[in-house]
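In the two assemblies presented below, subunit A is common to both, partnered first by subunit B and then by subunit C.
Showing the complex of A and B:
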């Protein structure tokens, strides 16, 4: 039995490849539907035309195949909170609709994906400031517009489909800001030329945005926010939503819990290290998709297929060249975490400011992000540092005039639990069902 | 349509919507106030990572409004 964790492009491709080979598969996902974040869509009871997706046919094909696949068991609304390897088998502890249960598997494929990377700025905790992924999830998953006047900013190709989807659905995009210069692609042309479909996709969004008279401005970012405006380049823009994202951070928690080797990618994100067959250093534990390095849905599907026992071939190399180009064209400048005002909140959960983090170094003698965390509780809240961890490390290192080491980055990706669980849920294996 | 209450306000929602989506569809954004500063918070990551949107659902604290689907008669508070 193969357990696949995550039902996005990588997880579904892995499930299809494995079941085609006659393997029994269980796919575990936190959502009620297949598709993950990338192929998020309206509940089946509501008619979704998929007009917000550039190309939904690949997803539909996988859904159709897998939903009629007798070898596949689906665990939806389920989260793996703990995992361990016992002999040759993996024990996965799952919270499913508020009930705790155990799944035993011979092989595990981690396809846990990624989430938006965020960087603090003054005002970023106001309601209405969110990630582009949040705005996208509300729209694609529920048909709900997060606001009427929206500013979208940050870096990376993802802000284009988010802006397009919101504009097409009736929001006014009052500002679209890409921090990096697109001419950087000139130095990474091979990545584009090997993947012409990605150029076509970009032009599809640009054309739609032009129709809605949305112009992209380059080299600008949201400097601060008030409850009803964003300040960009010294100019105040009235809006009710600000969506800012700086690329993505892989979700490596379960790999870390199972003792798999983690590494640091060229963009500084912590990733799961895998070999050509997508296997980690733990026998029988595989990882595919964004968890092994941010590369987009095409690469995720190919990696998933390989992890499921299928073939990759040249297509993997092409998609990998594109992924490498993305990291070079859309870097996140380190200046963003420097010179933030003292009162800016860095850890949203525990409400810790930059000033408190610096005080823990200057007055309490913190010598690292770890000790600063112990003094201030930055990174100790419900999200367990998923949002602030990397920023706290950068701020501490900057204040100490040091660089963040790879081992410190990797330590930041290690968490003892993959999701909080109440003692009630743990004790009787039963909690309130919603 | 189903209905639930959020801080004693009745809200109508389409079945399958998350608590956050149902509340946002009314135009409201504030989901809770923070423990120390008492500051308003809303959804942030929208996909269950950041835990900024936690609310109390039928008496159970720390539930992510962006993940939990509304059900008829549910009682949600900040």
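Showing the complex of A and C:
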């Protein structure tokens, strides 16, 4: 039996490939619906989702195939909180609707995706400041518009569909700011030329945005926020929501727990290392999609297919060239975490400021992000450093006039638990004799 | 500073306490650590300063004095490390007689021990299971944030003329003529007639490097950390199996619970002990046992989410007594090591024992039971 963790583009493609080959598959996902973050949709009105997704027909086809696939078992509303490899088998401990179950699998495919990368700025903790992913999830998953007047900023192609979705749903986009210049694609033209469908997708969004009279401005970012405005390039823009995203960070927690080798990608994110067959250094443990490096849904689907035992061929190479281009065109400059005012909160769970982090270095002898965390509690709160970990590392390294080492980045991606579990449920596992 | 009066190897709480005591006694001190401040065993500790878990004997005498020295250290360097006389409560689930007998012996040895009945116990800990109806209260049991403590103590050492070099790995210890001459590190060579080995779990390696030996081995312990919660637990609450475990030589895994709240709102659940070398992997079964024991003490914790778990390596000697004193093979080499789970609590007491002997004052207790000589007699 193959266990696939995550039901987004990579996970679903892996499930389809594996079941077509006659394998029994269990797919585990935290949502009640198939599709993951990327193809998030309203449960009842799947057809309405077309307007919110550029390529939803691809998703629709996969959903239809998999929902009628007798070899597939679905664990929805389920989170793997812990995993072990025992002999040749994997033991996955799963919270399914809050109750713990154990699943034993011969092969595991991690398709755990990524989450938004956040970089602090003065005012980023005000209500109304969020990531584009959160605004998108509210809209696609719950049909809720996050605000009436929205500023969208950051970098990467993802801000285009978010702006389009919000505009189409009735929000006024009062500012759309891409920090990087798209002319950088000129130096990565092959990435575009090999993937003409991506150009078509971009024009699709731009056309829709034009219809709503939304203009993209390049080279600008949200410098600070108040409760009712964003400051961009010295100008105050009145708004009720500011969605800022700086690309994505792969979710590698389970890979780390299972002892898989992690690496650092060219964009500085921590990724799961895999071979051409998407297998990690742990026999039988595979990874596909964003967890192996941010590359978009097309590459994720191809990687998923390969992990599920299918073929990739040239399409994988083309999509990989595009993914490499993305990282070059939309870099997140390290200047963003430099020069932040001392009082800027960096870890919002524990309310730790940049000044406190620097003091722990100057006064207490912290020499790494790890000790700075021990002294200040930065990264020790509810999110366990998923939001702030990388920023803390950058700030510590910057203050020490160093570069963040790969080993520190990888250590920052290691977490002992993949999801929280209640102490009651955890202890009850003893009686269940797992 | 090429030739300090003393070199302390290890920037954890043991080394920091020694550095401060020596500095305050007028010596110039250099502290070296291959990692950052509090990067080893101290950084994985709960910050326990306990008298409740110790049998009458030299370790309890040291613990009682050391506990008071913690508060002296706070007056000395400032209230920066969350030191708090939180108090400990030991409860018995089944047979209370061993617990009461143990308490009586401790009282005779000078520990402040208060037996508490049903009503009083549940006034102290309102969410404790009603199934437990009596316990023993130890008001002296205390708590600190050990990383901050080590950092602020070392900061005081620096401000008083000492030097702290982190990221400096000691490569060799020069012991020509059977006595300490200095160290070679990757950040320079330093000469000194006194070297203090305060390297916790790695103290055996430093002893070997100096041409001596010390049987210090790691013991692994997990600590569970929950999501922040309202104040549900007011003291350190142990079940009495814990007291039995500390003195155990049984190498199998034993678990027994210590549950406590922290200032940050998280609840810590600890005390699993397992002697399996340096294997640091998570063991789901241990997490389950700790959670089951904690929730049986405090049923209200059932709905609290576990956020993370971390492991510490507690260095211990075969007879479970710390090793504090001058090496019997290499003159000028002093050890403060092998404190097991009590390293935070015993650190300032150990530092004072060593400092008194170095400057030729009478220590507050007979240091002989802790002497490294007990493991080095055959070779000497």
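A few points about this structure:
Note that the second predicted complex is superposed on the first by the 424 of 434 C-alpha atoms of A that agree within 3 Å, B and C clash if a C-alpha of one lies under 4 Å from a C-alpha of the other, contacts with A are read in each partner's own complex, and residues count from 1 in each chain.
Assume a contact is a pair of C-beta atoms (placed from the backbone, for glycine too) under 8 Å apart; a residue touches a chain by one contact, two chains touch by 3 or more.
None of the values given here were measured: they were computed from a predicted structure.
Of the two partner chains placed around the shared chain by superposition, subunit C is the only one that A:370 touches, whereas subunit B remains out of contact. Once the two complexes are laid over each other on the shared chain, residue contacts for A:8 go to neither subunit B nor subunit C.
Of the two partner chains, neither subunit B nor subunit C is touched by A:413.
After overlaying the two complexes on the shared chain, residue contacts for A:293 are found with neither subunit B nor subunit C. Residue contacts after overlaying the shared chain place A:427 against subunit C, while subunit B stays out of touching range. When the two complexes are overlaid on their common chain A, residue A:381 makes contact with subunit B and with subunit C alike. On subunit A, the patch touched by subunit B and the patch touched by subunit C overlap at residues 381-382, 420, 434. Residues of subunit A that touch subunit B in their complex: 30, 32, 37, 42-43, 45-46, 115-116, 118, 125-131, 133-138, 141-142, 144, 146, 240, 251, 348-349, 351, 381-383, 386-387, 420, 431-432, 434. Residues of subunit B touching subunit A in their complex: 14-18, 20-21, 24-25, 29-31, 34-37, 39-52, 54, 57-60, 62-63, 66-69, 71, 74. Across the interface of their complex, subunit C is touched by residues 82, 84, 93, 257, 259, 350, 360, 363-368, 370-371, 374-375, 377, 380-382, 384, 415-417, 420-424, 426-430, 434 of subunit A. Within the complex, the subunit C residues that touch subunit A are 11, 35-39, 43, 147-148, 151-152, 154-155, 164, 166-167, 224, 226-228, 264, 269, 281-282, 284-285, 287-289, 291-296, 301-310.
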